[in-house]
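Handing you a structure now.
A, B, C and D label the chains in the order they appear, each numbered from 1.
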C-alpha cells in the first residue's frame, strides 16, 4: 500500500460540504501547502474544525477569506478579522468551544468514547443546550465527540509506512485530529524510509495515516 | 505612575505569589511580564497551553524556530529540561490541577469570584481560547489588571459580561491593591503605593472588606 | 484430524478473512497461530493491546528484549515501521474502531452474537483483560475455536456464562464450518472437511440457517 | 528542588491503608525495586490499582502474596493464583475492570475529567451499579475517575528535572498513572543530566514527577 500521493491527489478527496479538521495553533503546525491547494481547488460549504482561524494571510484563515467555510468550530477567532466580520454579518456560523474541551471532544471521537464530563464552561454560555451530570456533588457538562470526514495534519517527519513525528509546538491539535477523521492526510516536511523512526519515537502510529504528501523542507 | 510603571508594579507583585517548584501559566499581555520578576533563587516552570513546559525568553533575532511559539503566537524558546506535548496533554495538565497558578487579565471580576474576560457581546467576540479551562483547572487563579478601565470600576458587585468561569478567582492584584476573594466577600489585604483605602473603595463597585492586617503592597 | 491439525485448520481459515492493509488483534492461544498463515502478498499490521503495532515473530533465544512482550507476556519482536504507545492510546485505537478485526477464542457464543469468554463463576475468574474493549471496538469480531468442548456444544441458543459483550460477534470459525452472525440468526456459510450439515447441526445447540450457497471450507 | 532520593526514602511516603497505583503489564514495566522495598517495609491494607497482579514471584504479585493488599482494582488476575485464592476465600476484595476502561478512568483522574462514556461493558456484569447515559440512541456506561495517593512508575530514563522516557512495551499504564496520584515515584534504569532528553523525546513531562529513584541498569 503506497500512501504517498501528490498534493493534488490528496485534495481530490475533499468535496463541497465536507467536515474538515485542520491542525495548527495560530498557524504554527498548520499544513500550509494542503491549505493552499484547498484554496486553489475552491471547494465550498466546508465545516472547518480547528483551534483557531489563523490569520487572513496565514494558516486556516485563508479558507475563511476565500469564503469556503459555512461553519467554523474553534476556540479562538480573534486573530482573523474576516472570521468575525463573516460571523457578524451572518455569512458564517461560528461555534466557539473552550480549547481543552475541543481537544477532548476530538480525542473522544478518535478513541471511541461516547463523551466526556468536564467542569470547564459550567456557569457560562458554554453550558447552553448541554446535558449536565452531577457526580459526587460536582456539576459537569457532558461534551460529545467531534469527528470529521477529513483531517489535514502537519508533520515534521513521516516514514513511508505513515508513522508520524511532529516538531516542538507544531504538535498542538495535529496528533489528536489524526485519530478522528475518515481520511487523514499528512503534509510532512520530510518523508523518510520505513525503519528510520524508532518505534518509541513515533508520535502517531502509521495505522492512522491514510495518505501523506511531501511538503518539502522550508 | 505611567502606564508602564503600573504594569511593572502589578507584575512584580504577582511574581511574589509564586513559589519554588510552581507550575505557572501566564496569560497574554500584562501577565507575560511576570516572568521577568521571578527571583533567581526560586525555580518556577512556565506552562504554555499550546503545548509545552519550560517557557524560556524570546529568541535573538534570526534565531527563531518556526515551530516554537507561545500561546500568543510569538516566537519563544524552550528551556533546557522543558518538554513538549499535544493540546490534549496540555489541557489535561491544566484541567487536572497540575498548574499551581494561572495569571490572567480581566474585563470584569466580582465579589463571588466570577470572571469575565473573553467577550463583549456585539463588539468583541474573539473566543475563549484556553481561558475557561485555565480558570477552572488551575489551583490558584490570579487576576492581574489595572484597577479601572477608562475610570470605570472593573471589580463589580456582579459581572455584566458573559462569564469565563463562575466563582474561580482567588486573588486580584491591581496597582491599587491586593484583594483576596473569600467566602465572606472581597478582602483588601494590601494597599497600593500612593493610594488610600478611600481611593480604592471609590474605584471599586463591589463591597470591600478591609483586612485588620492591611499592609502596604511590597514589590 | 488431531488437535494440532484442527487448530491449524481454523487458523488458516481465519487468515483468509484478513485483507491487505488490515489492522488486526489476535487473542492469546489459537488466534496467535493466525499470524503464521498470512500470505506474503498482503500486508497485515498486528496490534498488541499492551501497547504497539507491528507485532513480529518471537525473538531468537538470547535475543529477547525484556521490554518487548505481547499481551500474553511472551517476548516478541517489533517489526520495522512498528510503533509503541501507552495503554490509553492502545485502547483508544481499539475502542475507536481503528482495529479492522479481532480474533479471539470463546467459551460460549450464541445466536444473538453474544460472547462469553472471560469467566466461569466460582471456578475461573481471571478477569476480562482487554477482551471487552476489543469485542466492542473492533470493526469485525471473529471467534476462532473448536466447535465443541469435551463434546458439548459451545454455540448455544443463549450464553449461560457472564457475557464479554452483547451482540458483537460477526463470524464464528471452527473446524466444522464458518458461521456468520446475521440479523436472522446464525448462517452456516462453509462446511468443514470430513463433516456433513447434519454433523454440524448435531454439534450446535443454536438454530443454524444453512446458506443457499453453502461451500466447502477452503484453506 | 532535588527530586532524586533513595528507595528507602521513597517508600517512606507509603503508609498503611493508602491507595497505590503500580505500572506494568504482566510485570513488564513494573518498578520491581520499589515493589521489593514495599514488600520489605510490609505496609498493609493497601488498595492496589494495576493492570494485573503479575505473578507470585514477579511484579505486583509479590505484594499480594505478602498479604499487603485489602483491595485490588485490575483488569486481569489470572496469572497469579494467590490473588484468586485470596479473593475466593474472602481475604481480598477484587474489582475487575476492562483494561481500556481502567486506562481511561485513570487518565480522567489525572486530566481532570468528571468521567467518560464508553460502550465497553454494556450488557455485561460490568454495568452493575453504573449510570447509563444514552447519546444519539446509543447506550454508554458512565465510568468515573480513579486516582491514587501514590503512583509507582517504571522508566527507562529520567533526567534530574524529572522528565521521563519509557522503553517499548514497558510503557503500558506507566505514563497514565504518572498523572493521577498525589505522589509520583519513578524508578528509572538510568538517571541522566537535565538537557539530555530533547523536549520532543520526553514522554511524561517533569511536572508530574514528585520523586525519582535510581533503579540501576539491569
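Assume contacts are C-beta pairs under 8 Å (C-beta built on N, C-alpha and C of every residue); 3 or more make two chains touch, one makes a residue touch a chain.
Bear in mind that the values here come from a model prediction, so they are computed numbers and not experimental data.
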Chains in contact with chain B and also with chain D, listed by label, are A
The larger set of C-beta contacts, choosing between A-C and C-D, lies at C-D
Taking each chain's centre as the mean of its CA atoms, chain A sits from chain D at a distance in Å of 32
Dist(centroid_CA(chain C), centroid_CA(chain D)) in Å evaluates to 29
Chain centres from averaged Cα atoms put chain B and chain C apart, in whole Å, by 55
Per the C-alpha means, the centres of chain A and chain C lie apart by a whole-Å value of 35
Multi-chain contacts in chain A, i.e. residues touching at least two other chains, fall at 104, 107, 112-113, 118-119, 166-168, 199-200
Touching at least 2 other chains, the residues of chain B are 52, 78, 84-85, 91-92, 94-95, 137
Pairwise, the chains that touch are A-B, A-C, A-D, B-D, C-D
Contacts from chain C onto chain A in the complex sit at residues 20-21, 23, 43, 45, 47, 52-54, 78, 80-85, 89, 91-98, 137
Residue positions on chain D within touch of chain A in the complex are 104, 108, 112-119, 131, 133, 135, 138, 140, 142, 144, 165-168, 199-201
The chain D residues in contact with chain C across the complex are 25-29, 51-52, 74-79, 84, 87, 94, 96, 98-104, 107, 118-126, 156, 166-176, 218
The chain C residues in contact with chain D across the complex are 48-52, 65-69, 71-73, 78, 84-88, 90-92, 94-95, 114, 124-133, 136-137, 162-167
Interface with chain C, chain A side, in the complex: residues 1, 107, 109-113, 159-161, 163, 179, 194-195, 197, 199-200, 202, 205-208
